[in-house]
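Once you scroll down, you'll see the structures, which are given as structure tokens.
Look at the two complexes coming up: subunit A is in both, with subunit B in one and subunit C in the other.
Moving on to the complex of A and B:
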């Protein structure tokens, strides 16, 4: 048994890895751009507002959105690739020719790049970062167009900046701090080496000769990569490997919204969801097995038919509809105000006593009463569907065993009817019901989104829902991974319980 | 001589009798299914829901069937007799979605299909069984093809007429009009009649945008049924292909498919659906169908796989292999038809499930923004706290889902030889 459990846990890792790859690919290849609260869509749209641009760039850098998703082939970029993007930006800035007057260096309206393409070019060249510094230097030194050279120089002053080590981490080591100070000084210097809008060719020549050419001559060996460097770039300087590097340290990243670690936020909400789900599963099993057994025992009687029909109706009732209706009738004060309208705890029922100002003031007993007061309706909504389906399984399970030979034997040797049903039939008939435990957990976790939304319970489902609206990638990844781990353990638990209950099954 | 003649006539008579008594697998299941009255009538209930979905514009549309406009009223070119309802059915001013246009087309093609179908049924006794089956198959495939063709033509035609406000026109006493039962559009916002209580004009009141809730629920039938059927068709196809491959060929194919299924069942499906939905900017109902279709195939795949594994070892398949039939013929003619029964049952329950998923998505505000989905009306109920806005869509969902579940129950029992009555 122990060997089996260890084997299963070991097998979880490849499954989990595969799952994370799938989630990662879905999230990162899906259309739509991430945004943060501080950087709105305008920041990505408006190519002129340089401050918004810069903060968007930093945002991308912070969350590794500037990196390619799976494989990094940026060391293969040529001068022509870089020139093409710069040309788009340059052409966009050129004046438009009109019939009346043709300004210097003008371009026909139909030859100007589309604004979508311009935004893309801006993003692309920004994301390439330090990889294209040699190409940019080359263009800035030798290109024939003034505007392209100017753009290349201005790009250089951003792209040539090196990243600080552990910039967004919690604490830096002394060595890192020394290195970072050095890099910051260099970055500061570089960012001043820009060209103004009205720059002329001779000015560019002097700027290059005085600043960039000597700088590149002394630092150029940073871009002399050998095969090993390129291989490590290809596989390790990507969003995926960065994410996995963090995951290995149980670091799910920080939320885009409030910059708090995702793991902390999930762990805050997980107890609510788990409480809800465990209560739902517990009550579903508590009620469904007796109901199923009873209706199987009275098979084809009118009572059995009624129970079956009612259960089928329950099974077809959408839980969010029932939840809304219960809230509307029993919580809103119209006609009844018996229950709180939402939340996990806080209010106390009127007959129990005065509710304190916050949950922190409650005693444990008070808190339990308050929580059950709040959870009665949501748990009911999550339970009745489970009762309906589980008791049907319990019914068929018992029907399968009740005609078996050993039941007849048990009756023949004179055991009491209760003994026959409870000890012989139920224990064997409920095995299929037990295996459903594993499959119920993912369904309930998923289903709790709607219930948490209706009853405003700050659990994982509601968090997921909010993260999706905010496009908070790290949070979505985190929630999906955590819920998958929960599911995997649920499946494992149901397999183990199967082996415990059914002596015919042996994993050794 | 006579003896021979007699035996021959006797043989022919026996053949005719055998043919008359012959029952295909489908006939047996159908007969069994009819013995479950609740399920049998539920099936008719589902059919009626479909008919209601098709006939929604006949019951409610803000365009008259017939309008006679005298000279000097409205625009000059409007004078004379009009039948604006018929053109409005395919007019992009009134129906934007391809789904609505498809159902509107069915208003005209469905009666034709129905008449031909009845004619076919009547001829069943007169012609040979084999001919009847062949005719039936031919009719179904040709009519489906023709309707898809007609729909494609109408859809890409992008028909659009200058908009006429017929409701205002009808207010003029000199204009005579014949309107559908309810003169409301399912999407036109009317801010003068917001959140009204039910009365004889608005059977179920109006929502926050002043749209008639009854009309929206009528048109919502189209969305729910289509999403259910199409999503399930998508995932059943994926599931049957993958499960069939895994079950029949085994070895590494089986390994790969099983791994894939294992990975998929570890996701809480609804989270996955939410995630996928979250990254589509402006979803249409077709996106929702696709998302549900792409995430729901694991159950069917496992079912088909186990059926194939069972059937592959049966004698008749071994015989087919021994006869040297091609793999394609064995799979499609011998194994597949026998494996499809449980798939059909599972798909029926699946349609109910897909309708529920769509309703929850719309309820969470993640459905198509403008579509009159039931879940979306429920959201309006949540925000206004009005009972009728909660009860009406909720019961609509409940009725559809329970009818489908009852059909599924009956089909499952009909397929189970142990329960044969």
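Moving on to the complex of A and C:
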């Protein structure tokens, strides 16, 4: 047994790793990007909230979105690659030729790059960051087109900026401070070495000769990489390795949305979901096993058929629909106001006493009463479907055993009918139902999006849902990884419980 | 494993007994716990009042009992009032937010937010929920008068002067205004003691705001655009500072004075109170630890925020301005507007800014007298203009809509009034131009084009779109190639958009045009618009009282990747007007330019302007003096008051 468990746990690591790679790739390769731009509930936008390039760059840098997903081959980029992106940007800025008037340096409308391509070029060259500085310098020094050289210079003043060390960390070491101060000074210096829109070729030559060429001559060795450097860039300067580097330290990163640690946000929501789902599973088992046993015992009687039909009807009712109906009937005072309209706690039933302003002013007892008052409807909604399916499992399980030889033996022994059913049949018949419990472990923290939305409970389901819409990768990864681990352990637990409950099963 | 039946039964019984005992124990200790809570509350109250007294003593102002609203700034009140009459002062006395004489003080307003605020860094957070809280908790230097939006009235600043070239704004702020103390901090821990010290608002804090906007490391995309032309900020003395602009722009006035100070004393420090390194200050500011505290100088202060549950504000005892009637505001966090309506009906919240449209129909339009809550006096409601407009944008760079006659035909084919009346239940009014429909910038002589399919057909014929092959769809030779008039409308996936698009589709079919609606989610929509991969799209712009058409209508913005001029509107005269508007300060001339611009857009129809939406604000009758402002924020609860005696006719 112990060998088996150890083997299973050892196997979990590669499984977990593979799952996380898949999640990571799917997330990062899915269309859409995390951005700050948003839409209001009415579907209107403020014309003000247009994107500011520099802010977006900082955002990308903080969350490593400027890095390639899995492998980094940017050290292979050539001058031609960089030129191509600059050309797209340059051509887009050129005036369009029309039949009536052909401005200098114009381009036919069909030759102009499309907006989508321009946006891409802008992103691509920005993401390349410092990797393409030598190529940019070369283009800025030698290219024949003024507009391309101008673009290359303006790109340099952004791309040549180096990142600070440990800039988001809580505090920096004195060495890091020294380095950061030096880098910040250099960054500020080079960010001013730009060319204006109407720059001429001689002006560019002067700017290059005075600023960029000497700068590159003295700092050019930063770009002399040997094989080792390249290999480490290829595998370690990527989103994936940065993410895993943090994860190895149990750091799930910070959420893009509010820059708070993901783990904190999860921990804030977990209690709500845990309570809700624990209660739901508990009550589902509490009711379904007796019902299942009873209907197996009365198999094919009219009563069994009625119960089966009623449970089937329940099972078919979608819980969000029932939730809304319950709220409309029993919560808003029209016709009944028996329950609060949602939330986790806060109000107290009228017969108990007056609700305080905040849950912080409640005693433990008050809080317990308030939470049960609030949770009655949602737990009901989450339970009735489970009762239907679980009681069917219980019924089948019992039917399988009730005809077994040992039951006949027990009866023949002269045991009372209750004893036969409860002690001998039920214990053996419920094995499949109990082992189902293991697979429910991840559901405990997964949460139910629909119920949490309808009943306004700030749990994990809603958190996941919102994170997906906001493309909050760190949050999604965090929740999925935690529930992956729980699923793996749940499966293991369910396998082990088989062996414990049923001595015929052995893993040795 | 021993599996005796008795053992199992005993275990179950034991667990049940334990649970029961726990419950009994809870019940017994309940009253003791309540006493402890009450005592703690009293101690807190005592502490805060003794602190206030000590602070006043420190300030050297005699302690007056009772009416303490004016606080330390009393001595300067005359100076501030006199400043409003100085000729150079851009600020005028406020006429809005009047508190009625019969208003009762006190009471709790139960409001709601759709999400827990993500943090209170006023500069980097600009979601709706955060700015709702900001308006209550913080103050700007000056604000527009709600009853007369063209005048600026004092808030933190009592005097704003501008140099004749409109480049230098000199702002004088009130003295003796103190920052609120962070809520939810454990002050018994000596490490946090520095957070409790009183910090007066000075021009350092004001300048800090402008400096951070100019800091390249700070992520404040939307706001930074406005400050592109700002040069620098200078501190003159403790209460005066100067904002200097590089070039003359009309928007510089609003941008400069509709701003707010940031608490430098906390944002320039790390958690232990030590200074942050200047080279990483901006980056640290983006995710600053103090963003979890709502720090301001406004009429209310945040006392408690629980994620997913509620946010509670209380009247700020040290506020320099009027004492507003409502004592505390409790915002419940409710994500679903439908759920918020249930809460309103169940008497759990007091205000709902927008009733869901289907509820408006069922409970107001179709409800019989005496039945629905709005008919029996349980709830009240009123129509409120939403500061926005919706439109159909025609891609002028595409093959269909480069001709203005085609665009005009599309407008004639859209049954605007019919859709507003039948699909939107009348909650909207026809929009004819790019500004708020009641704003003086709209030319009153522009009348909307009527719904007229015959006229649309004629225009399409004129533009060369004719059905030459008799298949029921108009076609035309474009660059030597026969093109059928089949196009898609990319739209945000919302039920009412889908339903009015299907009405439109039917009308277009009647005039020989095949339109396919393409509802997509927001990120896809954004991408398609950025890449200009659309024939037409439905969109909406939020509006503000000040209008600068540059971003949406200037031709240069059509050639900026991800620019807001997505439809490719390029018009020489329009460009001239827009550029003129940016530097013109004379109000009469501005109005003329605005009117011309409106007429021009009406004539060109780059958009088919559709409607300005309206929503239904609903509230409990216990909220009195429910003033609705002309400009955003329309539901600003400052002058409201709570009548505790007036219960709804609810039988619960």
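A few points about this structure:
The rule is short, and it goes like this: the second predicted complex is superposed on the first by the 472 of 508 C-alpha atoms of A that agree within 3 Å, B and C clash if a C-alpha of one lies under 4 Å from a C-alpha of the other, contacts with A are read in each partner's own complex, and residues count from 1 in each chain.
Just so it is clear, a contact is a pair of C-beta atoms (placed from the backbone, for glycine too) under 8 Å apart; a residue touches a chain by one contact, two chains touch by 3 or more.
No experiment lies behind these values; they were computed from the predicted model shown.
After superposition onto subunit A, partners subunit B and subunit C are found to clash with each other.
When the two structures are aligned on the shared chain, A:446 is found in touch with subunit B, with no touch to subunit C.
Legend: residue contacts after superposition of the two complexes on their common chain; A:19 is shown touching subunit B, with no touch to subunit C. In the superposition on chain A, contact is made by A:483 with subunit B only, not with subunit C. Contacts of A:454 after superposition on the shared chain: both subunit B and subunit C are touched. Using the contact criterion defined above for the overlaid structures, shared-chain residue A:331 touches subunit C, although it does not reach subunit B. In the superposition on chain A, A:471 makes contact with both subunit B and subunit C.
When the two complexes are laid over each other on chain A, subunit A has residues 31-32, 324, 328, 332, 334, 453-454, 471 in contact with both subunit B and subunit C.
By the touch criterion given at the top, residues 31-33, 35-52, 54-56, 58-59, 62, 92-93, 114-116, 118-119, 122, 164, 167-168, 170-172, 177, 180-181, 183-185, 191, 254, 257-260, 268-269, 272, 324, 327-328, 331-334, 337, 340-347, 350, 357-366, 368, 423, 427, 453-454, 456-458, 462, 471, 500 of subunit A touch subunit C in their complex. For subunit A in complex with subunit B, the touching residues are 15, 18-19, 22-23, 26-27, 30-32, 312-313, 315-318, 320-322, 324-325, 328-329, 332, 334, 439, 442-443, 445-447, 449-450, 453-454, 464-465, 468-469, 471, 476, 479-480, 483-484, 487-488, 491. Taken together, the subunit B residues at the contact with subunit A in this complex read 259, 262-263, 265-272, 274-281, 352, 356, 359-360, 363-364, 366, 378, 381-382, 385, 387, 390-391, 393-394, 397-398, 401-402, 405-406, 409. Interface residues of subunit C facing subunit A in the complex, by the touch rule stated above, are 1, 3, 5, 26-27, 29-30, 33-34, 37, 41, 108, 114, 116, 118-119, 125-128, 216-222, 224-226, 270-271, 277-280, 283-284, 286-287, 291, 304, 306-310, 312, 328, 330, 332-339, 342-343, 345-348, 354, 373, 386, 388-390, 492, 494, 497, 522-524, 526-527, 530-533, 539-542, 544, 551-552, 559, 561-564, 613, 650-652.
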